[in-house]
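Step one of this worksheet: look at the structure below.
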Amino acid sequence: MSKVIKVERLKDIFKDQIRIMIGGFLDCGTAETILDYLNTLDLKNLTVIVNDAGYNYKSKGKFLAQADIDKIITSHIGTNPDVGNKMTSNQIDIELIPQGTLAEQIRSKGAGLGGVLTPTGIGTRAAEGKKIIEVEGEKYILATPIGADIAVIKAWRSDQSGNLIYRYAAKNFNPIMAMAADTVIAEVEEVLDNGKIDNNNIMTSNIFVDYIVKSK
Amino acid sequence: MSDIKNKIAKRIAEEIADGDVVNLGIGIPTLVCDFIPEDVEVNIHSENGLVGLDREAKEGFEDKDIINASGRYATIKNTGSFFDSAMSFNIIRGGHLDMTVLGGLQVDEKGNIANWMIPNKLVPGMGGAMDLTVGAKKVICAIIHQTKKGKSKIKSECNLPLTAKGEVDLIVTELAVMEVKKEGLFLTEIAKETTLEEVIKKTEAKLIVSDNLKRF
Amino acid sequence: MSDIKNKIAKRIAEEIADGDVVNLGIGIPTLVCDFIPEDVEVNIHSENGLVGLDREAKEGFEDKDIINASGRYATIKNTGSFFDSAMSFNIIRGGHLDMTVLGGLQVDEKGNIANWMIPNKLVPGMGGAMDLTVGAKKVICAIIHQTKKGKSKIKSECNLPLTAKGEVDLIVTELAVMEVKKEGLFLTEIAKETTLEEVIKKTEAKLIVSDNLKRF
Amino acid sequence: MSKVIKVERLKDIFKDQIRIMIGGFLDCGTAETILDYLNTLDLKNLTVIVNDAGYNYKSKGKFLAQADIDKIITSHIGTNPDVGNKMTSNQIDIELIPQGTLAEQIRSKGAGLGGVLTPTGIGTRAAEGKKIIEVEGEKYILATPIGADIAVIKAWRSDQSGNLIYRYAAKNFNPIMAMAADTVIAEVEEVLDNGKIDNNNIMTSNIFVDYIVKSK
């Protein structure tokens, strides 16, 4: 059985009011074919979890700037002035989280943990409204799991069964998001037959992946 | 202006020891690379998921999957490696970086640093800065001594939202080198182009002048 | 004895659906593999760090780096993959297993299970069993109905130290199939070789007999 | 600079009364050359962190059975009756931890976390003496970091700089232990020149590794 689908099939998978995770660090490791397709749909009231807001003129950043999004959970929006403006004019709710904490929160969801204790952000606004737990005299912020309905991730190679290998610095948030969503859609540059992928170097197992879309 | 920035970067380069693992922030910190002596091997970590970062890629030799944390196409040494964002921040938060160099909007005599937002004006997000300041063994703030309006950025107490509380170890400006200690801010070096009086006048923080004040 | 074990394993095999990701414990659970129909594709996870586990290796074809959780040389399907122990238990604890089948020393009507120690006698340790029972979507206990001395292992309440509290969903013995529900233990099937009276007599736990009692 | 050393150099690195982590799951992924050498030394009052106690007749298991060890922190000792006997006769202190929790505790140390919240073991002896934290009505055990003075790990290939690639199911605890000790010694089957290792598939970066020992 192959998990490869045409990008147009995603019309039936994405719904209004869902939570979407999008992998990538700026442009790198972002599922551009899928994002370009999402930019043609008319989804409403979304929540998006993403490392950064990207650039407003393409794929991820365009989606964040233009789609009907209620809330973005992210570590950085400085590269996308359109998102900044939407925040300033209260059209969108932005929850800013330190990048390492965001990574752990996503991982916690996939790992079945109730959260992790991080020293990052103690004494700053990142600690506001958070539970503080002391261990051996040190204060930590309890960072609780963040999951999503759908994760849109990008890998380099897959086999038909959905095993993934990433390339260079395009890993970033993709492997952890692959574990943290109910439905995981991976865009890949190359789909190999089962048995043709280097199985010692698979980073995301096929058990996590629901659909594969080939990059255009 | 670029003279000033280069002076700061050059002085910071002297802090790097052979074999150090270092993360350099955007702006002045990036310039530090240019001043590291040939016989000092430094292993540069980039929070988007690589270590062993080398120079930016030459035009025509860009690889879409090798970028630095500023989103610019980069290259990697033959001993470099790549990892996901969870691992990248394990390296940062877990104390595996010998040093991080960050820019700042303000820094103060208690080692507090503010570099991620100006309320109601600039809210890019903290990205990886909160993790870097908490996690690296040595935190160096690379900062221009005064604002364009002539106000000291070396404060007695930061009034912008903090990036980290009490984590800065060393402050380097174009005029001065200051060590953060329990007793306060030690002025250890002043620039060749300035006087002790000028430095004290331009510094809001209380300075404890070293008995062995050096020039740089 | 092997007849009894095979009967349990064969019945449990019927619980596995095509495409399921399953972890099989040591002992009777391992035998389940032999009874899965050819048209049901099952993805077997082994907590030492692989998914897509296949049969044990033939003599002369052992690979020192491919073992199952019992330490026996194994083989892997061409869609299999490998990972470290943190990832392996993320899969377990994070709800990514459809099912786990474990042996037990005792199991009770509240879904408690004890299988990791007998105080002052046998203390092997829990290994991965506590994670498996907490994490898998469906937990099946494969257990011989009585001890060698004729005592029921299906207790009203376990008196050995627990592996997990209230996590067992289904109990399969050579005599009976029992579902753990909020109301108590539902007896849904009895073996062809037994009678309802015998099962009730040999079971310490209170049984709620299904209106539609089947034979297996 | 090469990190490759002769195994005999380890005499000067291991001391009495230290904490040692040893990678491997049973025989698989264990640094046998290093363990065989440690079995010739006369170290005293050690604490050892290890997934399981292995087999008493070789390398890891022999070390655990015969060396002067005060305490073993592990998930399973059932395969090594000598260790079991030492526990029963109070010659050694055994701390048993669920395997997935042990993995997270080791990872937490390397990741600079104050710990993680795990649902595993709630309602069992594994929760005794542990801090219980409730998040959204669910109870979790706070599992705090476990580190060591020295980690003895096993990989497949390295380069001279200490980058590591593991093979198949020999990953297990090795990559997480590589992050959690002050000194990390990796045994490898093959040492490649810098630049000859497949740098897209390095699982443990050279920044974590202090010494490389080639397998005999």
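Order as written gives the chain letters A, B, C and D; numbering starts at 1 within each chain.
Keep in mind that, in the parts below, a contact is a pair of C-beta atoms (placed from the backbone, for glycine too) under 8 Å apart; a residue touches a chain by one contact, two chains touch by 3 or more.
Everything numeric in this text was worked out from a predicted model, so none of it was measured.
Touching chain A and chain C together: D. Set against the Cα centre of chain A, the chain with the most distant centre is C. Here the CA centre of chain B is 55 Å from the CA centre of chain C. Taking each chain's centre as the average of its CA atoms, chain C and chain D sit 29 Å apart. Averaged C-alpha coordinates give centres for chain A and chain D that are 32 Å from one another. Shared interface positions of chain C, i.e. residues touching 2 or more other chains, are given as 76, 82-83, 86, 89, 92-93, 134-135.
Counting partners per residue, chain D has 104, 107, 111-113, 118-119, 167-168, 200 as the residues that reach two or more other chains. Chain pairs that touch one another are A-B, A-C, A-D, B-D, C-D.
Touching chain A in their complex are the following residues of chain B: 46-50, 63-67, 69, 71, 76, 82-86, 88-89, 92-93, 123-131, 134-135, 161-166.
Chain D contributes residues 1, 107, 109-113, 159, 161, 163, 179, 194-195, 199-200, 202, 205-208 to its touches with chain B in the complex. Chain D makes touch with chain A in their complex at residues 104, 108, 111-119, 133, 135-136, 138, 140, 142, 144, 167-168, 198, 200-201. Of all the residues in chain B, the ones that touch chain D in their complex are 19, 21, 41, 43, 45, 51-52, 76, 78-83, 86, 89-96, 134-135.
Taken in their complex, chain A has these residues touching chain B: 25-29, 51-52, 74-79, 84, 87, 94, 96, 98-101, 103-104, 107, 118-126, 156, 166-176, 203.
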